[in-house]
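Labels A, B and C are assigned to the chains in the order they are written; within every chain, residues are numbered from 1.
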Amino acid sequence: MFYFLTGRVVAVIKEIRIHGRGGQGSVTAAEVLAHAAFFEGKCVQAFPYFGAERRGAPVKAFARISDEPLLVHSQIYAPDYVIVLDPYIYKVVDVTEGLKKDGVIVFNTTKKPEELGLKNWRVATVDATGIALELNLIVAGQPLVSTSILGGFAKATEQVKLESVLKAVRETWSGAAGEKNSRATELAYERLTKWWNGAAL
Amino acid sequence: MEQVIIDTANHIAGHAARAARVKVVAAYPITPQTTIVEKIADFVESGEMDAEYIRVESEHSAMVACIGAAATGVRTFTATSAHGLALMHETLHWASGSRLPIVMAVVNRAMGAPWSIWPDLADSLSQRDTGWIQFYCADSQEVFDTIIQAYKLCEDEKVFLPAMVCLEGFILSHTYSPAKIPDQEKIDAYLPPYRCGWALDVDHPYSHANLVSPEWYMEFRYMIQEAMNNAKQIIPQIDKEYGKLFGLQHGGLIEKYKCEDAELILLTMGTIGSEAKLTVDKMRREGQKVGSARIRVYRPFPAEEIVKLAENSQMLATIDRHISFGMEGFLASETKAALFNRADRPPLAGFIAGLGGRDVTAETIEKIAKKSLKYATDGKVENDPIWVDLKE
Amino acid sequence: MIKEPKKRKDLPLTPLSCPTVGSMGKTGSWRTFRPEVDYSKCTKCTLCWIDCPDAAITRREDDSPEIDYDYCKGCGICANECPTKAIRMKREED
């Protein structure tokens, strides 16, 4: 969180980093999240890690949510929240890098935090891959988790409302795709498990 | 209908070309510009934009096609970056010498070698002598507004010059944020149909830009300089008028932030100018009187405005996102030039930061500001540019 | 139609050139040899008219050539191309 005095108002900015593999929709997740917050009157940014990306390689995407217009344009180094789309990426990437001490990681996984080596962090887990398979939400052979995970994010962090995420999802995908993605988002919201180890909420 | 959309600055630039009722777009793709012209191609395909889209084989051809189209009397647009802009170099001279009001989006990207896709201002700043007006934007709203304003400026009969609207690659081009698209009817009222100083006419044929002997060439060049000076007067008026109509304006030639009583003024360009406001606020909370001046228009260079800024401050620091090898950053040089004949000019420290996409944070800018304040108290400034965050 | 600029304010924004006859003066004065047409041998094939590089030959109503001696530079192409040798190059007398 940054506090910046703009006039007499203190601006609170929340920063989010999203980990995934190229092609999984990390950038889309950032954009849909920004869109959802925008519907709630927030000022937002969403951007990819600036560089060449390829399918399957680890990628990062970022979002900022603020009460005040965003003047900052530099990179995010100390996110408040981390979203992990890929269940196994933690083996090759340190998903906790720079994460604030009282930050929250929203993880697409069937495992428990200690099995992921994240015992000392505030972790929220949901099997978004399982939900995608359940609903046959598969594109080009990949189960789509980038939207449903945002339902989990909404429940875990309360930074956006579920309704806002659903509205953003429906604006991004119309018709049947929109409905499937929305259903996945709702299920992820319902099935999210919080593992707050020691840190006060 | 006015609407607020969230999209990347590139797509928002595409919206601006559509809203400006551009009739011909000739372009060649290059990272990180490509999504501008892809968006325009979508608009043309869907019929939302009534324009001719010409797929050319290089950026050189893109500019030449724009020159040809503009010469027949239509509003034109193109976009490029880095080496694409460099490839068009000779044609940039041709466009300004022909006094054609072409508007081009330049998505700033570092020049190779070494190959880089990340942002700095070397590409457009190396073209500062080509007779093109240059705007540098700090956010996607400004990108939209400036493209519309650029057409109004360039088609003014006292101007008739082409303009570049510059935005940093990735930082703006690929970052998704909200922007207001004003009502099309209001934009049409603000921006009248294309006007040009001359146009090819099959009924009264003539050719343009032919051989001119030493007898008259200088006078043609002087007229371009006059047009640039006129632009200096007209840009603030246009920005103000736009502000009145749409509630959006960007500071005219220089966007000043808390400069009135500043002891140190940071001179910046592009998104660094936006981030600098955070540094100014933080340092003011700590009791330091710092201000920031974002140079929105680099050509024509706002020398008079800079003189006014310098009158009230004790120290200036320029942050250049590029270097002219063998000398210093362009902003440092030109600011010094503007102040040279003033006996009471403040000292100036020139900093080089953010080359090749090296991140420039509010903390980096604070380091620059603190170093500048120290120079001011020590009464001694380094002549050589100071490279920030350089690895050993 | 053509305005010779006297002052800077007479200039257009960018040089605009109109097609015009004889902008470099009467180049006929450059001649050493002049072409002469024997109209009795002329078959009105119009080859001389097509090939004249200075457009100094016009077609009369009957398609025979009319040479404009104000601008003919005496290059001799018309004489060279004429299939009936109706055109001969003669030394210019002053």
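What we mean here is this: contacts are C-beta pairs under 8 Å (C-beta built on N, C-alpha and C of every residue); 3 or more make two chains touch, one makes a residue touch a chain.
For clarity, every value in this text was computed on a predicted model and none was experimentally measured.
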Among line, ring, star, complete and other, the chain contact graph is line
The pair of chains with the most residue-pair contacts is A-B
Per mean C-alpha coordinates, the chain lying farthest from chain B is C
Whole-angstrom distance, CA centroid of chain A to CA centroid of chain C, is 80
For the pair chain A and chain B, the C-alpha centroid-to-centroid distance in angstrom is 35
Distance between the CA centroids of chain B and chain C (whole Å) is 52
Within their complex, chain C touches chain B through residues 5, 8, 11-19
Chain B contacts chain C in the complex at 97-99, 160, 197-198, 204-212, 216, 219-220, 222-223
Per the touch rule, the chain A residues reaching chain B in their complex are 4-6, 30-31, 34-35, 38, 43-48, 50-52, 70-75, 77
Chain A partner, complex, touching residues on chain B are 6, 117-118, 138-139, 168-172, 174-178, 271-272, 274-275, 277-278, 281-282, 285, 357, 359-362, 364
